[in-house]
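The structure under discussion is supplied below as structure tokens; questions concerning it will follow.
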Amino acid sequence: MEWFPGEWYWIPEYFPKLLDGLWLTIKLLVLSIVIGMSLAIPIGLVQVTGPRPLAWLAKGFCTVIRGTPLLIQLWLIYYGIGSFFPQWGLNETFLWPYLRAGFPYAVFAFSISVAGYVGEVMRGAFRGVPKGELEAARSIGMSPFQILRRVWLPRALQNVFPTLTGEFILTLKATPLASTITVFEVYGIGSQIRQETYLIYEPLLLIALIYLCLAGPLIMMFNYLENKIPKRVS
Amino acid sequence: MEREIPSNNDSTTLEVNGLHKSYGELDVLKGVSLSAQEGDVVTMIGASGSGKSTFLRCINLLELPTAGEIKLQGEAVEFKSGKDSLIPSNKRQVERFRAQLGMVFQSFNLWQHMTVMQNVIEGPVQVLKKSKAEALEVAEQILNRVGLWEKRNEYPAFMSGGQQQRAAIARALAMEPSVMLFDEPTSALDPELVGEVLKVIQSLAEEGRTMIMVTHEMKFARDVSTQVIYLHEGIIEEQGPPSQVFNNPKSERCKQFVQSVH
Amino acid sequence: MEHALEILSYNPPGWGGALLRGLASTLQIALGAYLLGLIIGFAGAFGKIYGGPILRGSLKVYTTIIRAIPELVLILLLFYAGGDLLNYILESMGFARVEINAVAAGIYVIGFVQGAYSIEVLRGAFLAVPAGQIEAAKAIGMSWWKCHTRVVIPAMLPFALPGLANLWLIATKETALLAVIGLSELALVTKQATGTTKSFFTLYMAAGALYLCVTLASNVIFGFIERHYRRGQPVQG
Amino acid sequence: AELKVGFAAENYAPFTEKGADGKWTGWEVEIKDALCEAMGEECTVVEIAWDGIIPALMSKKMDVIIASMSITDERKKTINFSDKYYNTPAVIVAPKSSSISGDPASVKGKIVGVQVSTIHANYVEKHFTDAEAKSYNTFDEHNQDLVSGRVDAVVGDSLAMQPFLTSDAGKAFEIKGELNDVEVFGPGVGVGMRKEDTELEAKVNAAIAKIRADGTYDKISKKYFDFDIYGGN
Amino acid sequence: MEREIPSNNDSTTLEVNGLHKSYGELDVLKGVSLSAQEGDVVTMIGASGSGKSTFLRCINLLELPTAGEIKLQGEAVEFKSGKDSLIPSNKRQVERFRAQLGMVFQSFNLWQHMTVMQNVIEGPVQVLKKSKAEALEVAEQILNRVGLWEKRNEYPAFMSGGQQQRAAIARALAMEPSVMLFDEPTSALDPELVGEVLKVIQSLAEEGRTMIMVTHEMKFARDVSTQVIYLHEGIIEEQGPPSQVFNNPKSERCKQFVQSVH
């Protein structure tokens, strides 16, 4: 790679590892977003509609999740809760291979993190939908679920697409924390390369490039969704 | 439900008894009753802020009444009492009722994320479970009737006031409800279209549907309605066939109101 | 329990004081960065909405690249490589080397990153404001500035606040990255404390509690602002 | 001019530890003082988290790194190392009841925890080919998982293991064997420097030799260890 | 500005020449001209979607015309040509013009985060730099005039349609503009209030202000206006004093339209 400044001799050596890491990152990201979103929607909604106790519960959840560092959450889930499982004899069961691995814990932690942050965003988004449009949906006899699916949710999302894109990119960039619980995704591999070669910028630049390739399509997809319905601007 | 009093008149489609509604301190409706048969066209007139919209919105439970009774085709809405209003206790029933009660809102309330066509077929497809093809066919008819066929793929934000109002009417018509609640459905329309829409309403009444309409079109109230209600500060001041309300009102307030039509 | 109290006591060898000082440093950097981010956010959002193709294009590049690249990379690049470059230029021009202040650098870097997110949050909120509200302001002859301070911003804030609150909370945690340029804040102090005492649970709980207190206080403030700007908006429920 | 000595901001007992009072203590800290004195340099400490330590060295925020950095050929491509100033053996630790030993056959099918990007990880990769290696960011983490039973054994630095083995949590574990492979482990731990600072390298090497020779090194080490941390010649 | 053609008539307040406006493919206005003197009441009538609102919105530059000229008190709006429309080149001038052009929107566009009172005093305080006390005094008068004094501290979302429309009228009046652009200002009002509001409009005209009003109230157009414009698909089909437009229209389309008033 003489055409590009810097030291790149290590790429062939680490290529398979990087590929594995990339695949892990993608799995982590997609699962966390999908699971997280499906939690975030009810969490946001219930804070607008009530009932009160559930709303408080949701608010409390968002506060705790947003209020404590993800690293600590990961740590508590994996080393805290996770270390009890063998004591309960779960290491004798078929579940053990899953409970032993870091990946499920990482997915769990990232999902609730997405749920907490996006839940807050969705609360505002649901709240911002004009009341009249919901009434129109009610007035034709739609069930609450139909209202949510056909009117409330799409209208709410429309107003926060740019914010959501940001939250998802933040999730992507939180995935490196998974390496603290033995899930070495692509960034973790990058750190590994840095530690082993003491090269500073080259591995980081490669990681940056990979992240750009992951975030780019995400941004484009949401841009597309955002622009699908024309908006009148003044 | 056992508690239900059997309706005393078979063709009474909609019956409202002693409806009260207050927002906090403000008593908006102070006991309004109404009874409409199949094919009736009931027009409500009254000053701005007298509670006309609130009354319509109470009928399909978008606002929860403080007290009163609402019956559709002899079946009463099941209520339980809540903190500061009645609360419907049977969600399914409410949905079923609403599907039969078409509503055209004063402020249109079109779904902004859907085109006109999508707005119109939404109810038939999602609530009435019609096939999309069937819904599209009906929608085409209706949109042609209100002169919006050309605008079918436009989003509401890019349409004129009158076009939006017609889209809202089309959306309600597409549900083919047995009772229609119109809240000033011609306010944004030019005289030609007003005539068109009123014709549509009349023809629906002839099909046997029941129309409840809030309007400031006194001409229409006088010519077409079977019953006129004059609402004044949340109370029915005058009620009866148009001839009585317009030509021979008992209430002084009402006389003044109907005479003010220049 | 006694052990925990010992570890968390205010004076050394207890870590309580060190943790609180770490928190103060975290808040200082986070606040600076957040405010910088907000300024960039508002300027950038309006740039994206009103700007010409060149401005819009460059802002798009900014929001895409800055958000996509891991903060650590940016911090290392800007602080070390950027500092090197600056000194190289200074030296070649015959000036003395300068030491970049780590706190200032931290605030700039995180603020720069926050700005990219703020832009998008605010842009989305702006677009959610019904066009008619803005037209009414223009129609009475309000200047651009008046129109925005009196109508647009009050109307868009309810849409933006949840996202902005998230960004603030993220800023308080992002400061942890600044350990790589030698800044000591809550996360690093916690790490050092666990390294010494090995009392992971106690210390993580204590740090978590401190972060949580910050969040609760932020909730109160953001909640107040949101209620204020949502006045007049009916509840849908 | 003064010499800027870089420490990793993360604690590594008993080598470098920052107390709640903000003071650095530990064996490496005292060795640093001794080295500086031997060189006749005024030393100031710069503390930077691991991730930033090499960039800081490269951009002259520090001149030498004293942070238990193992000398490897791979790393030598990027920075310079002094001669070793200590070398501790690698060990494998497992539950007392376990049949694991240092023998590759004994870990067949087992899960072995190691700290990522260390010489220990390299050893496991090279020799324990039949075992599943599980990587951790830190030493404390793999010990945690050893306790919770997620890994069957861990490979790490004998010294760093010591506090763990004497703690409550570590009571049920013991050193099962010492591991040796010069090719993997290299000469030991050295002081890190920029490649171009060859003069400095000579000075540091001289200082190491000096404190070794005049007994300062042993005096300091005695306070911390009951064995020879220098690791032979 | 030097380029400006001196106005040929001293009392011509508003002059629009050859205004064109298109949205993409759709040509909405195809050369509309208008000239109004002090004290004139110009009413625009026309079918829904014919471009009436668009025309008003072009006058105060909420929509940018594709071509044409707009003059206020003899001073032309300075335009430069943009990609697909003219672009005003002098921001200050636009603000100054707009402050003199009051507008009542078809969809009201009240600021939702302000009470009625705050909506009304916003312009006088922020744009005209009146003291708050002064603005409140004027607001009190106006709100009493439109019958909204009691609702002064209510937020728009909690008011009836007619109340919102009156608030919008009050907001425009409070600016005391020399030209008023009304887009169907009585659509949501009951006949009594319609009379009230039309009286207000007439009295303003008598004060020497210029009124341009889109309306479907043919009665008003006939009785009060000095000039009636019938717009059809973006073109002025008929223009003249009410007697001519209503009783003796040249255009077939216009004849049909005015006759449709039932």
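General observations
Per-chain residue numbering starts at 1, and chain names A, B, C, D and E are given in the order in which the chains are listed.
We adopt the following convention: a residue touches a chain if its C-beta (ideal position, glycine included) is under 8 Å from a C-beta of that chain, and two chains touch if they have at least 3 such contacts.
Owing to the predicted nature of the structure, the values given are computational and were not obtained by experimental measurement.
The minimum number of touch steps separating subunit A from subunit B is 1.
Greatest Cα centroid separation from subunit C: this falls to B. Pairs A-C and A-D differ in how many C-beta pairs touch across them, and the larger number is found at A-C.
Separating the centre of subunit A from that of subunit C, both taken as means of CA atoms, is a distance of 19 Å. In whole angstrom, the spacing between the mean C-alpha positions of subunit B and subunit C is 51.
Once the centre of each chain is set as its mean CA position, subunit A and subunit D turn out to be 36 Å apart.
If each chain is reduced to the centroid of its CA atoms, subunit B and subunit D end up 81 Å from each other.
Subunit C has residues 72, 76, 80-81, 131-132, 135, 138, 200, 230, 233-234 in contact with two or more other chains. Touching two or more other chains at once are residues 62, 107, 157-158 of subunit E. Touching of two or more other chains is recorded for residues 79, 131, 158, 200-201, 231-232, 234 of subunit A. Taken pair by pair, the chains that touch are A-B, A-C, A-D, B-E, C-D, C-E. Chain contact summary for the complex, subunit D toward subunit A: residues 51, 54-55, 58, 72, 74-75, 77-79, 111, 116-118, 134-138, 141, 144-145, 147-150. Here subunit A touches subunit B in the complex through residues 130, 132-133, 135-144, 146, 150-151, 154-155, 158, 229-232, going by the rule given at the top. Interface residues of subunit C facing subunit D in the complex, by the touch rule stated above, are 12-15, 17-18, 72, 75-76, 79-81, 83-84, 179-182, 184, 188, 191-196, 198, 200.
Interface residues of subunit B facing subunit A in the complex, by the touch rule stated above, are 57, 60, 62, 91, 95-103, 105, 107-113, 122-123, 126-127, 155, 157-158, 171-172, 175. Here subunit E touches subunit B in the complex through residues 23, 45-49, 53-54, 106-107, 158-163, 166, 183-184, 187-195, 216, 218-220, 223, 256-258, 260-262, going by the rule given at the top.
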